[in-house]
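What follows is a set of structures for review.
In the two assemblies presented below, chain A is common to both, partnered first by chain B and then by chain C.
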Partner chain A sequence: MIATQTITPRLERSYARLGVLLIAPTILVFSLVIVYPLLAAIYLSVFSIYTPTLEGNFVGAANYVKLLTGKAFWNSLGVTLIWTVGTLTLQIVFGVGMALLLHQNIWFRSLARSLVLFPYFLSTVVAVLVWRWLFNDLYGAMNHGLMQLGILDLPLDWLGSMPNAMIGVILVGAWKYFPFVVIAVLARLQTIPEHLYEAAKIDGAGPIARFWDVTLPQLRNVLVVIVLLRAIWDFKEFDLIYLLTGGGPVTSTQTLSLLVYQEAFGLNQMGQAAAYSVGMMLVMLVFMVVYIRKTGKEG
Partner chain B sequence: MADVTLTNVRKQFGTFVALENLDIEIKSGEFVALLGPSGCGKSTTLRMLAGLEFPTSGDISIDGRVVNDVAPGKRDIAMVFQSYALYPHMSVAENIAYPLKKRGVSAADRKVAVQKAAELLQLEPLLDRKPKQLSGGQQQRVALGRALVREPKVFLLDEPLSNLDAKLRSYMRAELIELHRRLGKTMIYVTHDQLEAMTMANRIAVMHGGKLQQFDTPDAVYNRPANRFVASFIGTPSMNQLEGQLDGALFHVAGHSIPLDRTRFADDLGTGDYALGVRPEFVAIGDGELPAKIRLVENTGHEQIVTLELTDGTRLLARTDAARRLDVGQNVQIGFHPDAIHLFAPGEEGPRLNKNDAASVIPMRSR
Partner chain C sequence: MHSKPFKTPALPRRTVLAGLAAAGATAAMPMRLRAQEQITLRWWSPQSSPEQLAAYQTQIANFEAQHENIKVVFEKTSDEGYAPQLAAAFASGDVPNVVTHLPSFAVATYWTNGLLEPFNGVIDMIGPDKFYQGANDIYEIDPGQYAGTGIGNSAANMIWLRTDLMEQAGIDQNPRTWDELLSAVQKMQGGGIYGAPLPYGRNSMTSLVFIGVIHQAGGQVCAPDLSVNIDTDATRDALEFYRAMREFCPPGATNYSWGESLTAFVSGACATGLYTGRVLTNVANQNPSIADHITCDLYPTKSTDVAPWTFNDFPSVFIPKQAPNMEASKQFAAFLFDPEGYIQQLHAAPGHVLPVLKTISNDPDYQDNEIIQKYSAEVELMSEAAANGFNLGWESRDHMPNAKAGEIVNSGVIAELVQRVVLNDENVDQVLGETTARIEEIMAS
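Coming up: the complex of A and B.
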């Protein structure tokens, strides 16, 4: 008894030291790649800086005043929200639908599962080039197909006019990222006990009632996580939109990420860009808090 | 209340034959146990009655109506699963009310029915909880409540007690017997536990390898087992079965002969290989001609289970009262109560060859 009392704390202390040692590299890397840029951005945002020379002078809150009073930030925030809500909705609808479909048949599942992942694994640059070719107003397959089917009379300028450009971007985003939803939902579907469906059948529930009363409640938690994660990722999406429309026509698909990029490297205003990015980060913080709250509750 | 009939039912999964030649007639209001070792096809039988599986051939009828193509929800049956299968996001009250809701019963009527079921099963204080917040026994009762709330014709129960601990199990066993008595509904109960089957059922269908072995009262399956499988499956410890040769009225085993009362057995038995069956309680130690050695004595407090070894190494069990002094290694003479001897044809499912009326029941005192 006495022996264990003296030994346990010593053991615990050495475990604690080992713990600190093991976690140290993570903290170091985290500081280097997250904390430092974050602090640097906040620091830069109170200067007016010319990007090529990185020289400038202190301007205090001037960049933030412009953010709040100017049109650019609010326009881009609106664009970002439309893009995020639009593409996320389609991702969820197609993702859940496809997962339910794949869940039906085991043989079909293993084959289709790998095919469905294809857009997700495809490099964005390659994917976007293909889509730009499909969307092209002069030689694009999309216009050709739709005209053949008699849906269009004249070729449509898909990416160069509104609202087509936004619709196009949203569609490509949904196509690219819905596999993530499929995989996550499919994994959850496979863990729903078969007995629940059988009990529901005996209780007189038809296929639709079984979906609402058994499947959906079981998917609820995973859907919350998917929606929040995808919302965060879609909100800060850059390459797909940049490559597809470059933010155009004019600024109608210019999301916040693109605005920051444009400000920093198009207009060479690094300080203003830093202020925009801090503003963007504050908006994202809202998502983060909801996410942490939701996932924290489960555990 | 309804009769349930399976007529020449066969069930295949691919090429695997899970059930064949299954003929069972269950009377209205009966409590029937489907009993057999794991994998013998009990659940498959029950699931076909529920409509969750469909027979490859043969007919299933409930209340005189062939239900082969009728959906589970339209068969007027209720089922209790081994895993309970409660809807995790619904409260106890919502779980119990669900089958009524899906049948369009009004909210007010549902409430009354749930209240009634909750009273019967002592679930009233738990109605607002979620299944996760209940113990195994409570979940079990909710599952029962969901089954009986809409007063189906037939209750199907698939090993409903096997996830409970021993004490709760014996309590729930009594509860189920009581419930059956009160409701008077047909109940079909799957179990691999012979104690459950023996204590609860009016009749037991003993199954083995996808085939029905015997369908009779607990008394009959115990005292007049149809074949060697039933004889060995029913009873703990199970019946001793000694393989030997029959020659006239003598049964030769381990170099000795046991005289038999030939009038108790079928008249046309020829000379050859048979198995002699005798339950441990009818093996008398120190009273007989068969020499044996005591190998093990297990005293359970109110009785002793004695492992005996014959001269050829064959082992058998005897059951004696706990007060008796027996030593391991001791040589004894043993004998079998003549009215308790069964004779079986050889083979795992060798049929019993006693004349049918010759019940091997002996009053307790003379054992």
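Coming up: the complex of A and C.
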């Protein structure tokens, strides 16, 4: 009996050590790629630093005071929210719609399911080049088509004036990322039990009623996760907007990511850029907390 | 069957001692003296048209043939992208060995922050007497110390004109003033052709071109002592002119940068253009039907009382201080001016980058080019204009070098001034006040 009591804690200690050993690589990588940059950003944000030399002096909270009292951060935060809400809404609407269509027994369904993923796999640079050509005022297919149809008399300035520029980036963003919603929703649609639809039919429910009362409640959990993930990813989107409009006209499409980039590399003020990125991170923390709570509950 | 006689595997003692002595001597030698160590040099440039890339490859091949242990790798950057790329390179210490074709004001910024290697030695290797007189003055930011040198000159804001359209519109001379230009583009616009491709985008071209327009109104961004002096009547006049020109520009000019503006003229979509001599080669290659109907002139000014102001970005060559293999880097930088490769580089876009060496301008091989011969008057005019050109880093001969010019341009503050007043119709006094404050903040940073 005494021997068993001695062996058990020894085994537990051994298992605990093994556990620490096994999790150590993860913690190490996590620390290097997440914790270190995070702490470095916070550290840099209390300095005034010239980017090319990374030299500067301690300024305390001055960068945060400028963040809170200046217009740049708040303006960009507003732009970021408009972009995120706009593009996310379209992604969800198009994504769910397309998933429902591809769930039907249509011709060439397998081919269509493959093709619909195309925008998501396409490099952002390539996609933006194609869209910029489509939007071109002199040679773009968009203006040419609309003028041929008699909808426009003169070419429209798609990316250089507001609100067209914001509408343009939102549309391109929705086109680029809606396949992610399609994949996730389609996977969930295929697991909804058929008998739920049969029961609804027996109760006299039409196609619309079946969508609202059966499909949508079944999709609720997956949509919550999609909305949260895509909201986080869209919130920090950089390349698509930078390449399409560069943040213009003036600062009408300058999201927080573009503001950070402009401050760090346009003005060479790495400290101020770090302060903006810390502010951005705090906003994203809200999304993250909601996501963790939601996924935690699911678990 | 014969058996080989047994030999001891051990080396003779004398051989071993000799080997040890040689190894010791090698270890004691400085790195640069060791026999033919293989090294790689990285060359960055934002100028990378296919013809220019071919010329660079010739220069690289010629240099590598003379230095068997050196390999040179060319890496593209861009006019809009070089600042962040170089900032990241300097910050990480992973810098290119040689950088070419960046504007002189960028060189001044890097020099004043202690990031560049003095270029005096390279200028000596090229031969100081070969340069046009005063060609390197803009790079002498500290007395006696050169931050770099010019790889060429450029006249970036020449006005390009379609002579056939002018004739059709009954215009018998090139516009000299803004009023004449406005009248000309009004007459030439129509039938799917716009008057001018001026840039209104949030980019460096809008900033750089509009700085020229301010000067063409008789104004300036900074006074000679570098105090900010943009809030003037001249800037207001420049904004009014730019606003007036908007209706003669394509709708998408609100997002135009160098590429779009050039294409708009070369394709025939605009009756006038604003660019360097790259127009010549692009017209020859892409739209030869208008090749006999184009000419260029100095960009018009507010009135004949105001002298033309040509924007020359003084395309440069410089070497980052942190660059490895410094001696080889300097040799390569000097080799870029070797006549064979340099002339091919200049011929890659005739009239676009103009020679800074008088020995090259007079070289029959340089003159032996179809485009240079066909447009000799235009090339001559651009050369003269570029030689008397300025940019924000050096606004006039009375001005001190402005080491903050690069940051002012990269901040987009001038382009935003244009967009807010011309496109958004915001109050000009308020916008100019805010612009002044922002430039002052950059100057003080």
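Throughout what follows, the second predicted complex is superposed on the first by the 278 of 299 C-alpha atoms of A that agree within 3 Å, B and C clash if a C-alpha of one lies under 4 Å from a C-alpha of the other, contacts with A are read in each partner's own complex, and residues count from 1 in each chain.
Following the convention adopted for this analysis, a contact is a pair of C-beta atoms (placed from the backbone, for glycine too) under 8 Å apart; a residue touches a chain by one contact, two chains touch by 3 or more.
Note that the structure is predicted; figures quoted are calculated from it, not measured.
Placing chain B and chain C on a common chain A by superposition gives a fit, with no clash between them.
In the superposed three-chain model, the partner touching more residues of chain A is C, compared with the other of chain B and chain C. Of the two partner chains placed by superposition, only chain C is touched by A:Pro52; chain B is not. Of the two partner chains placed by superposition, A:Leu111 touches none, neither chain B nor chain C.
After overlaying the two complexes on the shared chain, residue contacts for A:Gln269 are found with chain C alone; chain B is out of touch. With chain A as the common frame, chain A serves as the apex of an angle whose CA-centre rays point to chain B and chain C; its value is 150 degrees, to a multiple of 10. In the superposition on chain A, A:Gly160 contacts chain C only, with no contact to chain B. In the superposition on chain A, contact of A:Ile292 is made with neither chain B nor chain C. With chain A used as the common frame, the shortest Cα distance separating chain B from chain C works out to 51 Å.
Considering their complex, residues 50-52, 71-74, 77-79, 81, 83, 85-89, 98-99, 102-103, 146 of chain B touch chain A. By the touch criterion given at the top, residues 50-54, 135-139, 154-161, 245-251, 261-262, 264-270 of chain A touch chain C in their complex. Residues 80, 83-84, 86-88, 90-91, 110, 113-115, 200-203, 250-256, 264, 267, 269, 407, 410-412, 415-416, 419-420, 423-424, 442, 445 of chain C touch chain A in their complex. Those residues of chain A lying in contact with chain B across their complex are 193, 195-196, 198-206, 209, 213-214, 217-218, 220.
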